[in-house]
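Here chain A shows up in two complexes: once beside chain B, once beside chain C.
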Partner chain A sequence: MKYLPLIWAGLWRKRVSTVLTMLCVVFAFALFGLLHGFSAALDGIIDAMSDTRLRSMSRVNITQPLPLAHRARMQMVPGVDEVSYYNFFAGYYQDRRNSIQVGAIDIASFNAIYPDIKIEPQYIEAMLHTRNGALVGEDLAKEQGWKVGDRLPLGSAVWTRKDGAENWDFEIVGSYRSPSGRVPTSELWINYDYFDEARAAANGTVTLYFLKIHDSASAAAISERVDALFANSTNETQTQSEKDWVRAQIAQIGDIAFFVNAIILAVMFALCFVTGNTMMQSVRARIPELAVLKTYGFSNTAVMSLVLAESVILCSVAAALGIGIAAVISPPIYRQFGAGGLNLPVAVVAVGMGLAILFAIVSASLPALRAQRLSIVDALAGR
Partner chain B sequence: MSVFRQISSVTAMNLRSMPQRIGSSSVIVVGIAGVVGVLLSVFALTRSLSDAVLATGSPDRAIVLRSGATGEFSSTLLVDAVATIKDAPGIARGEDGKPAVTADFVAAVNLFRKEDGARAGLSVRGVDPAVMAVRPEIKIVDGRLFAPGLRELIVGRSALQEFKDVGVGDGVQLRDGRWTVVGVFESGRDANESSLMTDSATLLSAYQRTAVNSVTVRLQSEGAFDAFKTALTTNPTLSVSVERETDFYRRQSEDANQIFGIIGIAVGVFMSLGAIFAALNSMYSAVTVRTREIATLRAIGFGAGGVIVSVLVEALILALIGAAVGAALSWILFNGNTVTLGDSTGSMVFDMQITPSLVVLGVLLACSVGFIGGLLPAVRAARLPVATALRAI
Partner chain C sequence: MTALVSIKQVVKGYTRGKQRVEVLHSIDLTVERGEFVALMGPSGSGKTTLLNLIGGLDRPDRGEIVVAGERLDQLSSGQLAKWRARNVGFIFQFYNLLPVLTAERNVEVPLLLTKLSAAERRRNVAAALELVGLADRAKHKPGELSGGQQQRVAIARALVADPTLLVCDEPTGDLDRETSESILKLLELLNEHQHKTIVMVTHDPRAAHFASRRLYVDKGSLANAPLGVAA
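Our next item is the complex of A and B:
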């Protein structure tokens, strides 16, 4: 600890160079936080999914609806505790470009299947008693400025009403949140019964089913049994665990991880160069000073550690700032991807700081070695 | 000595001494190579995607959707509306004398990608037999066209290249059973080439639907669009929106690019800022190393202009080398790579192209980074008080 002033003085010896290097590292780690955070947030969503829940949808494609009658048959399969369902609504608010993720659900069975989503009991009660009621996700409410009690006129890009009207009126009777912070809260939920009765087409069908099962070990077997029930019908199903399904959805977007890692690698490589160069210059300029330190009795290792410590402090302070920037700008970006309500995963901070220290040591290793090997006589003589 | 000769001799001297500062010079090169390489790759991805989507549209075609619909999936048109649209003025006729109109019904099917075995959506487009008159770019390159009334499909070459089990003779499971692929078509690697096609009426009956999603017509000429649009939008029995196909696909490509646009901007801004600070840093140190030299030049009568230009030229040359390295890397890694992007409702197969215009963009960016990074150090160099600088170690 007593060396801190010495390290500090070393860092601020060339103010401009230190500040510029720091800024460079700040932006590099902001980018790291943003990109790595994004893929970590996706992994977090997968982790938060349960493997004791299955999803079942049309084998042909998710755009193909399944009859609601499937539910009763699914419930008969041994090992299945409860079956709930969901219908896409493709909503928008005021402007067609302002699309809102809306799902028509059966609140009672849905709530039983999703204990990890927190809905206050009075909201569930209100939803059961208000036909055109709606539950709004915490983040969606924040984004759109909605609150419980608001009347909500929505349009749908797909569904018209039986009376030919294109506008749907809902009343926000409650909200839901994700205590773990890993499930997006960017949807609006409406009552399936109300929706199905009012829509002009495809009545009595759903987009997908949720199945709650006893234990995860039987997920594959139960999926097979469910699919076998409807095999060779016009409405064949494709059932898999929620985790696998979400993983597959994310994989469809394309190879995100590859792009992210390639960019991070390029940035880190360039950064290593910049910091390494700064440290090298700084050591070169201070050779006589370092020699004086050695004359005073500082060991070779101590001098080397001083140089390394400077680099570590510079990089870790800058990395912390950079990751801070990433933490501020990440949530709005996640929202653009339909994952509103998520924050920069905490693990990213740990990985980032670890990386910063590793990388400070790597980039300062050559200058530090040079400082360690310095011979006092040569250095003082300016050779 | 003229100002020009001053500038050129200082610059030449400066450049000759560059190898002695190889460490700090290479910082600029590596930093800018990183920025240009990454940005070119991200932009190439978005640009190639929108080029492929835009290539689908032609100015002499118009697409009719339900009024207010933003895309094909959110639009439905009933049979009587389709009949009315077919009678509108300005529509070209095919060789058989029938109007060049196709009423498309778009469904989607889950298939497996060859590359990673992932399940992905591929769109199945039901088209009218007149489609060849509407879209003359569609050419059957293998097998034959589907026969109306039979469960037959043709597959786009891009889809065939990237998806498993869609070759001629393979069966694809649609809602009512197995459909056979009977032919392969190409259409200039546009969006349609990443799909399956079949007869609209046959597909509608398989899906027990009566409404199509969109109607596409070929016009007699590009100029016939206004008359066609007016006729439909003023018809009180219709509630439709009419768009030139090029405009429609421009909108689609903007939507498709939204996600990568956000990533591209974030990456671009942060990397450029990082590179600017790196460049500033190394140019400052380049100037510092040469403090005495610059002071000597000033003392024997060289002007500030020469010194400023020489530092800027050095920064720009390093930036250009960096741009060249970055562009070369992204070209080697990504040019010609086939990319498949999509969701459960459809996929898009396209080739990444590092085009000359992108490279120019990268060079401009590199020059701006080099210029900003060189300017402040250059001014500082020119302002050095000669006497103090000469005494400096």
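Our next item is the complex of A and C:
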């Protein structure tokens, strides 16, 4: 600690240069925190997904509807506790550009399958007794300024009513939230029965089925049994656990870890030269001062350590700031990706700080060696 | 008196480009404890090289150097560093203070290598600054001090670890006449009352006059100061 004032003073000898270098390091480590945090958040999303909840859709693609009659046969499969269903609505509010995610559901079975979504009992009752009732997600309500009791005229880009009208009239009878923050609350849910009776086409079909099972170990076997029920029919299904489905969706983006590491490596490589140059200039400007330290008994190793310590302090303070910025702005971003409730993982912070120290030592190694090899006599003579 | 510095048959040269230049030729010198010796001579004569050898900043090519009972020519670079920290205080022509540190922090530098506590270091620094008459300038940075004041801070730094030997390289070379005289009087005081042994390189005969012995280095050899030089 007694050397700290000496190190600190050396660091701030060229204030502008030090501040600019620090800003570069702050930016680089904020990027590091965000990218690695994003990668970790995706893992968090996968972990948060249930493996006791299966998801069944058309084997052709998600836009192909499945008959509602599938539900009864799915419920007969051993190990399946409950089956619920969901139909995309493709809604918009007032303007076609203001699209609203709307899902037509069966509230009773849906509530049983999603215990991680909190709906007050009176809202469920209201949905059951109001045919055109709707439950609004907490985030969506905030975004649109909606509240319980509001009448909600929605249009749909896909579904017209039997009378040919595009307009649908709903009444918000309740809301839902996700205490864990792991389920997006940016949708509006309407009663499937009301929607199905009123729509002009594709009646008696659904987009998705959700199946609740009690044994996660048998998820794959139950999925196979469900798909086998409809094999070689006109409405074949593809069933998998929610966790596997999300993992497959993320894998479609590509090898995220590779991209993240490649970007970070490129940034760090470039930054190494910036920091190394700052330290080299700093050492060059202080050659007589470093010689004086040696004159007064500081060993070659001690002088080298002072230069390395300056670099470590500069980089670790800047990296801590950068990672701190990433830690503050990450949770809202994770929430947008459906990983609400997650913070920047401690492992990312620890790896970042370790990397900052390694980076500081590597970038300052040449200036530190120069300081170590400095000849007192030559330095004092200005040679 | 006993010898503090004993130099026997010391040879020192440097390689500049492809040429080897011998700067000191078979120098013999003894400096007694408590002496104030002035080394004079023209530029390039080798006086600073000799001073560097006495201060343990450099090692001879040949010969024997004993200072404060230690064979400097046999010490490694690390051992020399430790020896300097214990035994020598340095004063330079251009003060060589660290510009970003306050006067007291500059004076504290040699003490950082000791095992003294922070409170003890503060006490010693305050005493050294008091001795050179700069107690009221402790919090000032070098840029806020005059040349004479900066040199006094440098002297306080040289004294703070209580070394046996003070090595001064043109300590008044950058100062006006009046300030030079006050610095030289301070060195004289340290020699007479604190019993510091001082070896000082100077071009200035007036400065040399403060020393108890004057030596003349010319073309790498040592002689007593010729008449007229130290008058």
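Note that in this section the second predicted complex is superposed on the first by the 245 of 383 C-alpha atoms of A that agree within 3 Å, B and C clash if a C-alpha of one lies under 4 Å from a C-alpha of the other, contacts with A are read in each partner's own complex, and residues count from 1 in each chain.
FYI, a residue touches a chain if its C-beta (ideal position, glycine included) is under 8 Å from a C-beta of that chain, and two chains touch if they have at least 3 such contacts.
Fair warning: this is a prediction, and the values are worked out from it, not measured in the lab.
In the superposed model, A:S223 makes contact with neither chain B nor chain C. Of the two partners chain B and chain C, more residues of chain A are touched by B. Of the two partner chains placed by the overlay, only chain B lies in contact with A:R59; chain C stays clear of it. In the superposition on chain A, A:S305 makes contact with neither chain B nor chain C. When the shared chain is aligned, chain C comes close enough to touch A:Y3, but chain B does not. Judged by the touch definition given at the top, the superposed model places A:S17 against chain B, while chain C stays out of reach. Considering their complex, residues 23-24, 26-27, 30-31, 33-35, 37-38, 41, 68-70, 73-74, 107-110, 116, 118-121, 173-176, 207, 258-259, 262, 266-267, 270-271, 273-275, 277-278, 280-282, 284-285, 339-345 of chain B touch chain A. Within the complex formed with chain C, the residues of chain A that make contact are 2-3, 5-6, 9-10, 12-13, 288-289, 291-301, 376-377, 380-381. Only residues 16-17, 20-21, 23-24, 27-28, 30-31, 34-35, 58-64, 90, 96-97, 157-158, 166, 234-236, 238, 248-249, 251-255, 262-263, 266-267, 269-271, 273-274, 277-278, 280-281, 329, 333, 336-337 of chain A touch chain B when the two sit together in their complex. Contact residues of chain C toward chain A in the complex are 48, 52, 55, 57-58, 77-78, 81-82, 84-86, 90, 92, 96, 98-101, 105, 109-110, 112-113, 118, 121, 157.
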